[in-house]
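Here it is: the structure, laid out below.
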């Protein structure tokens, strides 16, 4: 059957990712076994796969710092959903992981992408001085307020003063020469927003990750994808812990035993 | 409400993963911002999250080589499913990723886990010499044949002579001092199986990855999880390419236009 | 442990759906075994579960006609994704079904919800005469055109003249006394849109289903849910057929064998 | 492009489900609009799609009674997972539904399929008298005990004396002339198991549903699919209630606020 299909003249599915023949496996135009395995890190490969270009060592360091920052946030709704799914269907690890990732939508994991997109939208022209950045930031916060929209990346339910991830990621970007317009605008928002909102909110970790990924040149519409990749590692950690020290059944019972019928 | 719930005396959900308070975020008992971001790689963190211990640099190299080997295999059924889901629901990147991962079951991604489990099952006692390994391998292949079961990790539809990933991963494990009983038994199976099966099959890449992960001391029941993590990166690459150069609509039309009604 | 948790004074999870004790199972305030099983149809129960009220027999007939209309549309991208996932992970039927449903997003299954929401948005005041409906419809189509937005429910790639489901569903709604403002406005759009768009497009089946569900008083934000429920039945049919007469492997090979590397 | 693909001579994807042309939509060889909509119920269609034959009215009644019995069991782990996913990603209803269904694996929803398969496996020959059924049942329970396996469908954590669904479903099957060998064997197991297990366990609702579906001639390997379809309706009810009266955030906080770090 393969032979017939090979001959199919009207069909052509182009790809720049993986192909193979009897002797070699190619990935991204490289020989997977000879050039990538043991020579390219996993985060480096993930960047390369999405961006279509190999990152520099400094880019890899910043990128992996973002993934590390986003991997696990404790008992989030998505972590709990993955554990409960694993309890119900322990035979299907992929189902538990997928269930956890499906919570990676607008509310919890979406801030990274929302923030990157917001900053990119504001940066139609790139300012030169800090004062220009402040002016641009001020206008953006005012417009968001007028439209009754939140500024993505501002505020955190727990870290009310400062999110500890924010200065660290900015420092890494600076060290690696990757502190670009998105991070700079994000910091300007941090300086000017109290003039508009009349209170000081922290720049949160999910937001700074979005700014850093945008400064790395990654496509804004796929930033959520990196949050999901990071979270995949965190969810595996949650599932591994669920196997060693289960709590999902206790969570289920806590809800079920305290259910109250109300029409 | 949080205050009430804080006081809830009957409830206690232990975790060794992530926790946080107003100033710090902890992960695996470390200060996430101060000790992990920029200092620990993403693959290293994924290993640590699942295994509960920090891997050595050599272990990270072997582990990431496995992830790189498993990240993308071209137009697999799972890659196609992710692209088709993205075509239908482009607003939900997490759905396309989850759909792709859900194919990570017994047939395609399962070989890694099956092979690790098979080898671990055979290794109830660890042999000393190569000859002892060969004897153990011979018995294992004979038993599998008698039970009409395949030996996981043996054979490949495309790489009929040799899977190029296999010798490379064994070389990396050896370089890093991590060539252990699972890889050794796997190689023994490669030597002895023709005596039983009367033809020579290659040791495939998914199988050698399972053997290497088992030699890294990772829990056999979670090996599929690492294949899924690796594949998450590959699927993001597929979705990113689908955005730049779409083919899912052509795949859909190819099937739909050649549908034939047969009762 | 259950005893401790039962006593948990700070916790209370209200529900009007299912509860049970040692002797009875309640659902929607009814005795499941005595009052529902064998007495209430499955579509009827689905309506009741979402709307919180029991539908009349006429409402059930219209509602089930919608579900029947939406159940299967042949080799859609979602049907193909479900079959490919089943090929990869035949041990996990729930994964194949979930993968198929994950394509139920904005593009393919979303029209039903989009159309219901569009009509409900236009109907801030309910007109009295057909002429008033036409006026309202005209303004709505003009506004959509000015905003460069499609009018949901208008046009179909295959049924370019008329979608055969549309008149049938309108006839059923009329027979059952359930032809309400959403269907009436939808028909008005069918009459007036050529004045604005300068060509005649059919009112499609997904759109008329959305209008009918809205006339049934179902919550507009959940209309996609009914399309998903209908599709769940269709996907089970696809998976059942894939078991009897598999095609997923041929689809996979068709793509894989015609892959062309292009950087 | 369609024209090119239409001409594709090597490709042929047969289906007995849905096809369409410009004027008509066919489903199962019927005219969807003329013959199915408004004339065939949703449960009836679901049966037909999977079994490939139209059920009789009595079969529809029994089948829908099974779906009604399985639709919702209150705050199950899967219902909670769906609500938590909806909390995290309210923009993606399909993701919340899929997450809930992914828990439909071996432990919670699997009993229906396991029981049907167990009974079908025992019934290699169909007995004639009740005494013969008892003998067959006795041997099956003894073998399960010897193999340290549970008998699927036996026992329930809440309904310790009797599951109220069991006698009702058996009565419906009897009324409709559909009480067949699987239900009869299931009842025999209910009579004889105390001789082997030395305590009396109830025949549970999930089990009797599996027996009834098997007596309806539905393929044993797809019984889980019907439990999933039923549960899809229940999950929509849970999500609809979560919109009206949210509890997922309280569940999340209950877990998060009572998290305790333990290495």
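By letter and in written order, the chains are A, B, C and D; residue numbering begins at 1 in each of them.
Note that in this section contacts are C-beta pairs under 8 Å (C-beta built on N, C-alpha and C of every residue); 3 or more make two chains touch, one makes a residue touch a chain.
Please read these numbers as outputs of a predicted model, since none were measured by experiment.
A.B. asks: Which of the two pairs, C-D or B-D, is linked by more C-beta contacts?
C.D. replies: More C-beta contacts join the chains of C-D.
A.B. asks: Would you mind checking which chain's C-alpha centre is most distant from the centre of subunit A?
C.D. replies: The most distant chain relative to subunit A turns out to be D.
A.B. asks: What is the distance, in whole Å, between the centres of subunit B and subunit D, each centre taken as the mean of its C-alpha atoms?
C.D. replies: 31
A.B. asks: Report, in whole Å, the distance between the mean C-alpha point of subunit B and the mean C-alpha point of subunit C.
C.D. replies: 37
A.B. asks: Any idea how many Å lie between the Cα centroids of subunit C and subunit D?
C.D. replies: 21
A.B. asks: Pull out every residue in subunit C that's touching 2 or more other chains.
C.D. replies: 5, 8, 11, 13-16, 19, 74-75, 89, 91-92, 94-95, 98-99, 102-105, 109, 247, 250-251, 254-255, 259
A.B. asks: Subunit D touches which residues of subunit A in the complex?
C.D. replies: Going through subunit A, the ones touching subunit D are 4-5, 7-8, 10-11, 74-78, 80-81, 84-85, 87-92, 95-96, 98-99, 102-110, 247-248, 251-252, 254-256, 259.
A.B. asks: For a test of understanding, state which residues of subunit B touch subunit D in their complex under the given definition.
C.D. replies: On the subunit B side, the touching residues are 1-2, 5-6, 8, 11-16, 19, 26, 29, 89, 91-92, 94-95, 98, 102, 250, 253-255, 257-263.
A.B. asks: Provide the residue numbers of subunit C that touch subunit D in the complex, in ascending order.
C.D. replies: Its residues touching subunit D are 11, 13-25, 27, 31-34, 36-38, 40-43, 45-46, 49-52, 61-62, 64-65, 67-69, 71-75, 92-95, 97-99, 101-105, 109, 158-162, 164-165, 167-169, 171-172, 205, 219, 221-222, 224-226, 228-230, 232-234, 236-241, 243-245, 247, 250-251, 254.
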